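Common to both upcoming complexes is subunit A, partnered first by subunit B, then by subunit C.
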Partner chain A sequence: MAPAMRPGDAAFAAVEHVNAELFTLTYGAIVRQLLTDFEEVEQVNKQLDAMGYNIGIRLIDDFLAKSNVTRCSEFRETADVIAKVGFKMLLGVTATVSNWNNDSTECSLILEENPLVDFVELPETCQGLHYCNILCGVIRGALEMVSMRTEVKWVRDMLRGDDAYEMRLKMLDQIPEAYPYKDDE
Partner chain B sequence: MAPAMRPGDAAFAAVEHVNAELFTLTYGAIVRQLLTDFEEVEQVNKQLDAMGYNIGIRLIDDFLAKSNVTRCSEFRETADVIAKVGFKMLLGVTATVSNWNNDSTECSLILEENPLVDFVELPETCQGLHYCNILCGVIRGALEMVSMRTEVKWVRDMLRGDDAYEMRLKMLDQIPEAYPYKDDE
Partner chain C sequence: MATVRTRMRCLYVFNRNGICLHYHVWLRPLITLSAQQDQKLLFGLLYSLKSFAAKVDPLSTGKENLSFQQPPGQGCSFHSFRTNTYKLSLLETPSGIKFILVTDPRMGDLRDAMKYIYNIYVEYVVKNPLYEPGQPFRCELFNSTLDQYVKTLE
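Now for the complex of A and B:
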């Protein structure tokens, strides 16, 4: 009998794929374009995050349909699903969850591999750039669609000389589910 | 014994992958950004082609390393490799080669599937847009790196109401290989 696939592997196998290098280079083209468009690196970070948000709110449906993930009962479980299934399904890599705060509302996702940054070196003029900020936006957008408002940002970045890619994920609040129609209508 | 893989499948299996929907949505974000940046749709077409060119000149090495393709002796063979191995390795789909001109310098690549356009609808204001123009640039750039100057453009586009995606590939000339050093240096 073949060994059972891990949930992330199964979810990644269930989606369509394209060449990672094509994606990496295409993403590089976006970042370069934005650096040309905006004077301030901080504006580029914001724009990448916004693009990611718009992608995340659309990707979540496919994720829920193909990952077989059921509703997470607490934020710790959510973080684990993002790390092991979400990242895997998106990029083919997994993350490690660590550095929880005391009340379990904040944690870090540490990426061992990051296909987005292959071949990338930041020039001196871009030192404030969060090159991978699109990923923060994707996660923020996807979580908002399952009623979680979060703050997501990079706190360590190897392109900036840190020793890992560490994304900080902070749960802000649960958005009450709003039903547009009353039951008796 | 397992059946032998077709060259395109083997090449696609040999590369790293990311989620196709993530790629599609990210590419959509580029196109939207360029439509904001440039007034003329024709400028956006040019910019997408230029981005693709820069990607193609970098992707060719990986392609040659992983596809086991050897030097093509004539342009007909080159077109076949692009259709069956190149597109497969990039996007996971294949193309059909057809509509050769009499002296075998021009042909069409017809895409049955096109992952780039999933979920895309062009608004009225963008009717001149060649949404997938990045692909023309990728092929032009990659071919230039193996000493072929080509002209690559879309002649049918389903987003514009045509019944297929047809890319016209025209061989302009073979660039003589230039060796920067003499043998005895």
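Now for the complex of A and C:
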């Protein structure tokens, strides 16, 4: 009898795969183009976050349909699902969750390997750039579609000399479901 | 003259804001309301049914009042009801998308079928670069894939 696959592995096997190098080089070309278009590094960071947000609001349905996860009852579970199932299914790597704060509303997602940054070196002119900022936007957009408002930012970045990739994920509030129609009819 | 023998009646797709993203009909001989009223009525019904079902849940803690709304997919949720003339099945995703399938009352459990329809929606609508989330959609590929799948359920 085959050993039980972890849910991330099952989800990873279920989706179509794209060549990793094609993905990395395409992303690199996008960042390069944004740098040429906007010139200011802060603007590029914002654009990457906005693009990530637009991806995230659509990606959530793809993720929910393919991975069959049920609704998470608390933020700890959400962070675990993102790290173990989400990252595994969509990027092929797992992240680890750590550094919880006392309320369980903030945590860190740590990536040992990051397929977006293969072959990348940041030149001196772009030292303020968060190269993988798109990931922050994706997580923020996806979580907003499941009623959670969050703030996601990079804390450690290997392209800037740190030893790992660390994102700080903070839940701001839960958006309650409201009856959408006005009571006039 | 060929008679249409189909057990599927219609499919509605709503988002969390009550906007009907899609309405697909196979067999519906009696229509009494305008499309907009019909969709609003159905959405309102399901909204109320959800809170009602959660409230009468024998396993719940009973701390919520009737107007308390759980986030989609959490806690007790109903998935179908049956009358003598039709069966209505509901799939609600954690992202707030609701799929409602109205079928012949003799159909069995349609939860897996609804999951498959959710996958069809993701493939042809969500991944479509021309689709604006939150807007009603009309996609030929979605319609034809859905029709083909539904034939296998008959």
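Keep this in mind: the second predicted complex is superposed on the first by the 179 of 185 C-alpha atoms of A that agree within 3 Å, B and C clash if a C-alpha of one lies under 4 Å from a C-alpha of the other, contacts with A are read in each partner's own complex, and residues count from 1 in each chain.
Here is the rule we use: a contact is a pair of C-beta atoms (placed from the backbone, for glycine too) under 8 Å apart; a residue touches a chain by one contact, two chains touch by 3 or more.
Since the structure is predicted, the reported quantities are computational estimates derived from the model, not experimental observations.
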- Contacts of A:Glu177 with subunit B and subunit C, given as first, second, both or neither: second
- According to the contact criterion defined above, which of subunit B and subunit C contacts more residues of subunit A? B
- Message: Under the stated touch criterion, which partner chain does A:Asp62 make contact with: subunit B (first), subunit C (second), both, or neither?
- Response: both
- Counting only touches as set out at the top, which of subunit B and subunit C does A:Asp37 meet: first, second, both, neither? first
- Message: Just checking: does A:Met145 make contact with subunit B only, subunit C only, both, or neither of them? Give me first, second, both or neither.
- Response: second
- Task: Identify the partner contact of A:Gly92: answer first if only subunit B is touched, second if only subunit C is, both if each is, neither if none is.
- Result: first
- In the superposed arrangement, which partner chain does A:Phe23 touch: subunit B (first), subunit C (second), both, or neither? first
- Query: Where on subunit A do the contacts with subunit B and the contacts with subunit C coincide?
  - Reply: 58, 62
- Task: State the interface residues of subunit C toward subunit A in the complex, per the touch definition above.
- Result: 16-19, 40, 43-44, 47, 69-74, 93-97, 115, 118-119, 121-122, 126-127, 133
- Message: Residue numbers of subunit A touching subunit C in their complex, please.
- Response: 57-58, 60-62, 64-66, 68, 70-73, 145-147, 174, 176-181, 185
- Item | Touching residues on subunit B, where the partner in the complex is subunit A | 12, 15-23, 25-27, 29-30, 33-34, 37, 47, 51, 54-55, 58-59, 62, 89-92, 115, 119, 134, 138
